[in-house]
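Both complexes shown next keep subunit A, but they swap its partner, so subunit B is in the first and subunit C is in the second.
Now for the complex of A and B:
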């Protein structure tokens, strides 16, 4: 397993395309940011699907850590993941 | 030194406030994403200044790694940092 953070920058009216597939694998932590633990296979799928989805003026960065323990997460302002606790 | 990635979500007409101060410490890698190596002191300044800058419906996440070596960075689509190489 690896821990990844995906940030993307795309046209506002097209973000739903990324939301719909990324939420199958990851947690939605901010408007255009997802994170979570996935298999190497999932990561490959995410990379391929991201490549297919983005148009030429859009981009995504996938940060990959071998484990969540190598990263600390500090939230300033409202933490959107708080909502998830009450679902 | 620590390696950080800052992602923020704020009103489009106010993003300049974050851009202006974050670019003093970090590299601008995507629309609302900065990253780079900073001192613990810089990180504290960045946290405080981010807290002061954001309004209640806005947020930022700061991912902190003890070193850049713990994170791999994969770019899908255009890499905005490519521009920097030619400056």
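Now for the complex of A and C:
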């Protein structure tokens, strides 16, 4: 398992494409920012699908950490990932 | 390992843009990453439709529904991904062979007693005097070898469990009494917690068995009953001391759950929504705890231990490799 943060920059009317796709795997934390733990295989899928989705002037950046344990995460304000499993 | 999602709000659960979305009664929309879900636990009043069910089915995600009384109301299981006629035949053969069946039954009980004993000895080291209970549990374990049929094995299990439960009143904090196991519905706070905790263990085992080709209705210690997954009962018994009872003791002794988290009715006592939420959180955290597995030589989560148990049983039935039931080793 790896912990990833995905940020993307797309034309305003196309952001929902990434939004809808990434929601299947990760937690939506802010506009155009997702994070969460995924398997190596899922990471591969995310990379491939992202490559297909993006147009030439758009980009996505995936930050990858070997595990959630190695992320020193500081949140100021309300944490959007709080209890994402208890709805 | 995929995760369990618990839904406490009331509202509507639906398929939306190829993932699952919860729309609560006040219109709030929350998304659930389908690719990472093992099972969804419904505690609130939720509407859903066939589109959702077939979507969950496609992703192999189970829906476990919790209601009143003893909490577990039923499951909507995905279609079997694993089918193997040979496994089923071997599973039934083992059931039908009295020697083989009682051998497996004894192993389930031996594991349960070991795990109960490990809880008792934990509290024995922490200011309680449970020496006599520990002796009783060791005696029942030794008596297991002499049992000749399943009814007798069940009897030994009952003796052990009674001795184990007799420690509860001493371990629990003031304000909580146990006074014997009662259910349908539970009549006091402790019984209510045990019912809720056991039903969560049970649902998780149902999911774990589904990952194998084993038939959940063909069991060894419990009589294969109608209308229930009795193999899940066999396996769940092994894990209740670790997954249910320890979490209960911890939450009560740390005051994270108090009598305010229960609703008492005429002759029932049930957890409130916030009580269920507190417990489910602690329960999920404990499922995620990991231990080093000596044979697999890596860390595995408690949740994965359930899966391993199902795999071991299947392997035993198919290859004859000895089945060694789960005994807490750390």
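Here, the second predicted complex is superposed on the first by the 75 of 87 C-alpha atoms of A that agree within 3 Å, B and C clash if a C-alpha of one lies under 4 Å from a C-alpha of the other, contacts with A are read in each partner's own complex, and residues count from 1 in each chain.
Heads up, the rule we're going with is that contacts are C-beta pairs under 8 Å (C-beta built on N, C-alpha and C of every residue); 3 or more make two chains touch, one makes a residue touch a chain.
In this text the structure is predicted, and so the values were computed from the model without any measurement.
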{"item": "Contacts of A:18 with subunit B and subunit C, given as first, second, both or neither", "value": "neither"}
{"item": "Contacts of A:50 with subunit B and subunit C, given as first, second, both or neither", "value": "first"}
{"item": "First (subunit B), second (subunit C), both or neither touched by A:59", "value": "first"}
{"item": "Partner chain(s) touched by A:70 [first = subunit B, second = subunit C, both, neither]", "value": "first"}
{"item": "Which of subunit B and subunit C A:42 touches, first, second, both or neither", "value": "second"}
{"item": "More subunit A residues in contact [subunit B versus subunit C]", "value": "B"}
{"item": "Contact residues of subunit A, present in both the subunit B and the subunit C interface", "value": "none"}
{"item": "Residues on subunit C engaged by subunit A in the complex (per definition of touch)", "value": "3-9, 17-19, 22, 24, 30-36, 277, 280-281, 284"}
{"item": "Residue ranges of subunit A in contact with subunit C within the complex", "value": "20, 23-28, 36-38, 42, 83, 85-87"}
{"item": "Touching residues (chain side subunit B, partner subunit A) in the complex", "value": "5, 7-9, 29-33, 47, 50-51, 54, 56-66, 70-80"}
